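Shown below is the structure under consideration.
We just call them A, B, C and D in the order they show up, numbering each chain from 1.
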Amino acid sequence: MSRDVSNRKLRAGIVGGGRGSFIGAVHHVAVELDGEAEVVAGAMSTDPQTAAASAKAWYLDRSYDDYKEMAKAEAGRPDGIDFVMITTPNHMHFPVAKAFLEQGIHVVSEKPMTFSLEEAQELVKTVENSNLVYALMHNYTGYPAVRQARYMVRQGELGDIRKVLVEYIQDWLMAPEEKAGNKQAVWRTDPTKSGIAGCVGDIGTHAENLLEFITGVKIASLSADLTTFVEGRLLDDDANMLLHLENGGKGVLTCSQVAAGEENALNIRIYGSKAALEWHQMEPNTLIFKAPNQPGQILRTGLPYMSAEAKQLTRLPPGHPEGFFEAFANIYKLVIEDIRRVQAGQQPVGGYPNVYDGLRGIQFVYKAVESSKKGSVWLDM
Amino acid sequence: MSRDVSNRKLRAGIVGGGRGSFIGAVHHVAVELDGEAEVVAGAMSTDPQTAAASAKAWYLDRSYDDYKEMAKAEAGRPDGIDFVMITTPNHMHFPVAKAFLEQGIHVVSEKPMTFSLEEAQELVKTVENSNLVYALMHNYTGYPAVRQARYMVRQGELGDIRKVLVEYIQDWLMAPEEKAGNKQAVWRTDPTKSGIAGCVGDIGTHAENLLEFITGVKIASLSADLTTFVEGRLLDDDANMLLHLENGGKGVLTCSQVAAGEENALNIRIYGSKAALEWHQMEPNTLIFKAPNQPGQILRTGLPYMSAEAKQLTRLPPGHPEGFFEAFANIYKLVIEDIRRVQAGQQPVGGYPNVYDGLRGIQFVYKAVESSKKGSVWLDM
Amino acid sequence: MSRDVSNRKLRAGIVGGGRGSFIGAVHHVAVELDGEAEVVAGAMSTDPQTAAASAKAWYLDRSYDDYKEMAKAEAGRPDGIDFVMITTPNHMHFPVAKAFLEQGIHVVSEKPMTFSLEEAQELVKTVENSNLVYALMHNYTGYPAVRQARYMVRQGELGDIRKVLVEYIQDWLMAPEEKAGNKQAVWRTDPTKSGIAGCVGDIGTHAENLLEFITGVKIASLSADLTTFVEGRLLDDDANMLLHLENGGKGVLTCSQVAAGEENALNIRIYGSKAALEWHQMEPNTLIFKAPNQPGQILRTGLPYMSAEAKQLTRLPPGHPEGFFEAFANIYKLVIEDIRRVQAGQQPVGGYPNVYDGLRGIQFVYKAVESSKKGSVWLDM
Amino acid sequence: MSRDVSNRKLRAGIVGGGRGSFIGAVHHVAVELDGEAEVVAGAMSTDPQTAAASAKAWYLDRSYDDYKEMAKAEAGRPDGIDFVMITTPNHMHFPVAKAFLEQGIHVVSEKPMTFSLEEAQELVKTVENSNLVYALMHNYTGYPAVRQARYMVRQGELGDIRKVLVEYIQDWLMAPEEKAGNKQAVWRTDPTKSGIAGCVGDIGTHAENLLEFITGVKIASLSADLTTFVEGRLLDDDANMLLHLENGGKGVLTCSQVAAGEENALNIRIYGSKAALEWHQMEPNTLIFKAPNQPGQILRTGLPYMSAEAKQLTRLPPGHPEGFFEAFANIYKLVIEDIRRVQAGQQPVGGYPNVYDGLRGIQFVYKAVESSKKGSVWLDM
């Protein structure tokens, strides 16, 4: 695409996200939040009527019955979309991304990046061979406090990372929701749509990504114990893992979708040789810094002592809470800036999860499943 | 206006909100957040260059140098704005609102409603004589947990309201920011732009409004003690008040803009003859319910036990924090639905702060200032 | 008394505290907690059988039917008590204190110091004319975090004190417990035993004392609004007050015994021209320090950065919670050290609430009651 | 012993606890807190001068240079001690316990029960063959909220236990304190005094004990990863473990003494098929109950809805915080009641950790160390 995108909002398309979808609506709000993009076209459902009704409800200019048709048509229009948002179930992430990339359209995709490891490896190549932006929606990296945490680790304020405790626990699959027809639950617990893992793929990957994003340290190996607590469910709904980090640090990752009373508890504690950090997604504007024999510190987004990269992703003064949508929108903010750069012939600068993070997430899922099957043996990642 | 607004986004205009404005940008995000309206025109500054640059930065279709010209022009266009958002300093709220109402354009205004009591009384009449929606942006009433609190009080879960402790404390005016040229501080501490009160008008009114909104009980009288702590400041920057409620209940209202280390702490505790509620704006998705000899309850937005009116204003599942923008957007959501109703010839249903709430806010400010001057005497509201 | 108290535990007596008493048992635990004193004698009830049974249950050496008899007898014994603990209802505080002081026995008394202002003034003189230790049990000043707060204010870390918000709220008198025969409630709501105030005397005085103890700034005047919410109750069960501090600062004091769901919420926030402190009795080992544009700090008892006076009153390493008994015991620790000094012919050093604090508390109660009766007029203290 | 202990305080002896000891002083406060026992004799140090000075500082009647001599002498006195408290380093727990048990004296011992597994097995037999009370000081089981948690699990309020997350993290060994001569650190990191494990033995056992105490479910097997982060240290200072519970549940146990900024963070979360519980030792009077689609509940000690077994161990009304000493004293309370029963010829009722819990703790340490050495293999407990 050599389209000029300066002096106008970017035009976005969406695949998936039809009525009843949760994440499609989130992308809609997030992508438009800063007034820098507008959703104008969609292939929002495989059911043509739902697709049309969903597009109308969003006042879209153009609705398609099929994502391939959409990719082709939009690429051919002078007012076609600049990028596409992929918000389908997991098994469609890869083919949709490929279709749009091949038409020269930038991509923002829901995670996990692909259904299988092979697809992930192929997508890496596709993106490498393009001159296009590909972003993976690990939205939790969009929180300013998470950026601040990463900054403080990089500055050496924690010393060497020794121990990381990361957890992502929810309760929404405590009952066999998939049998009750809950659309979100049905595909997430279906191996043909979700992939080889349930909970580990759906939320464990966010925990894995967050750990590596903040610390800058890779997980070297893992020993996993996956469980399916709800009778009849085909995929794991809970997992505990021991981690070895590449720098000699240790870790624990636990995730669950059957943890009674937990809403969306993504929490991380990082202990270094000098100090520690603690962050809780459900109170996202607070970052706790702890050092031995010093008063604990409560860092808050919006205040002048925050780092430039945290401030860049903060829209409001302190005490005016920003949340999930804003963090999501922060990924879009960075992506949109990069699309503008690429379209202007400049180099993208990144700062959002990309195709390599996506590949790593798929590898993590595969290793966790294999380790657990083999009796929690240690496997290198 | 007899314009048909079905099957399209509403078109919004903005007065004020030019570069350097805080609240203008908030309105921009909030009004568009649900994809039901789009800002297309503005008179964003009294300085023509700033106005034009601000409008361009937002990709607006039309920029005006003057709000009166804008009101007239937009009213005359077939694609003119459906409503205007007023985000100027206080002294302009009234003339701008009047200008657009007189052109048949719906209004959403920042608070306080007007500069003076006389203006407030006149505006009430103007709105009463129109068939237009007028909404006042007491945005904190947009939080779902606040709606839940109101619902629970109405349901009688607290019994008779006995004691209310409401506070709104910040620290951003601890130093003489107005002398340092902080644009927000300059007009807020200038009696010719802010009105007869500083802190009491700026944030005390939010506390007063929140108390009455949730409890449904009016403040009958007050005894106030206003202070200006920062030397040379012309208006109050701190106030404490005793309250008598119309039902025999008692209360305390405290507000400050010089409370070291406080960000935007709007907090309320309501004690009834049966039970109590507690809410903190900085952790807005949590509502605490306390009854004697029972475990305290933590109610959380997004969960099925919440009331219909709280759910209606919640976009995300539990644990996915919604914040300041979303609450703000909730007021717009209710307003936009009412504008659609009015344009379709139906009755508006309200649910957002209106011109009577605005009048009450102005009265509150006047009584507080007078009581304090007279030695904290009790004055009826 | 010229008794040698070195190389042995001090011997304590108790008046009041018989079966069913709450505070008597607390004194028992607290006075012996450090192994520096032992309760050996008591006049624990006006009912001889209860007195004897209560003394036996505590394994006391000597039980008396009458406090006057006890004072005389103990003063005459070589192994008599070194000090007495007064844990009776309010109306007995004065005569009991006087009786023991006149026998040369040191006194630790429950608050309020006396039943009436006249008694308070007389007791001041009695103590001044003795060479004895008189301590008033404002136990909340015994918390190490409270001492730390006082230290930080003294060090100037807050700058000038501008605003204090202090509150003490409970719910245990929400129902007419006095009619149900609750022993604690019966005398506390009986003007012939409690004095001219209910809630204000019982807990409001703790709030007043805490404010002055930490800030070192006196309340110059107050405007009070007392309420009796429970029908048929003879004394106030709730109060709100505006405060003027002698240094030009302002304050709010609120107390209640009918605040649904509140346990024993004594909370204080102190805002200065440079920084602020916040402390909550129900989480007593934490002190929060807040300064503009700096991360909030969480100070915790037991850590090396705490002041010497906080450390002196801390027995355990950080994270090993100390609570109500330990704070109570800290007052006894300071008192016992002073009694040892006086008995050794040295000067007492104080550090615990004394007869002047007691007088001030009584004045506070009188002024609050009078102000409220006169329509919340400002009265100098 | 056929001594009559009715109508008097019990007499306690102490081994260890000399000057500079932390835990000895805690036992002193705790055992006497309820006024039901008094420490009268001790062998407080292997250094005779320290022993004598320590005993004098506590006003003990009798000081011994040697615990064997003490056991013999006390057993022979008509006013000899009724029970002994063992507060020495780990390697002495077994011989001291044995010496006193053989003299017919009841024992309360610090954990871990013994230095080695062999000793533990022998001690079980010794106790079984005696008619004496043996209690192991897992003091955290003394908190009323922990008892409440156990009660609620037993009542079936959580359903089947599915997942337990238990952690005990501190930072006091972040630096090589043992090289700086910190007495507590020296023996705890010395394999000849501490045993085969460091952190796992010192605090990991508390976590293990707490998990089994509350849930009533045994750990079936574990996979452990122990680390020594501080260079030159001879024992582990950090560990992560995966757990399989005997009922099919899963768990994670993590402990650390090098977790920057952590004080004494013993935390447990228990997720069942119906609901969950959460407890934090550093805020011990609160127990959080969470069930899907219901408001979270905050249970607080001292309130009427608590179970009888929680109330039995609560001394104060709600909101009057009880802490570490009081929980410790609760174990003594139960033990003292049992000693009174046994001395009166009745059956003991237990309720405190005993010799079987002690054996289990030692087994846990051995299995954790072995699993870690073998590459985190699963080992049955």
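As a working rule, a contact is a pair of C-beta atoms (placed from the backbone, for glycine too) under 8 Å apart; a residue touches a chain by one contact, two chains touch by 3 or more.
From a predicted model like this one, the values you see are computed outputs, not experimental measurements.
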Study note, to complete from the structure: Every chain in contact with both chain B and chain C is listed here as A, D
Check your understanding: At the place where copies chain A and chain B touch, is the share of residue numbers found on both sides over half (same) or under half (different)?
Key -> same
**Study point:** chain B and chain D: spacing of chain centres that average the CA atoms, whole Å
**Key:** 56
Point to revise | Approximate Å spacing (C-alpha centroids) for the pair chain C, chain D | key: 34
Point to revise | Approximate Å spacing (C-alpha centroids) for the pair chain A, chain D | key: 44
Practice item. Enumerate the residues of chain C that touch no fewer than two other chains. Key: 262, 289, 294, 296, 300, 303
Review point. In the complex formed with chain A, which residues of chain D make contact?
Key: 158, 162-163, 165, 167, 171, 174-175, 223, 225, 227, 229, 238, 240-242, 244, 250-252, 254, 256, 258-262, 271-276, 289-292, 294, 296, 375-376, 378
Review point. Contact residues on chain A for chain B in the complex?
Key: 7-9, 22, 25-26, 28-29, 32-35, 39, 56, 58-59, 170, 172, 262-265, 281-284, 300, 302-303, 315-326
Practice item. Quick one: which bits of chain C touch chain A in the complex? Just the residue numbers, please. Key: 289, 293-300, 303-305
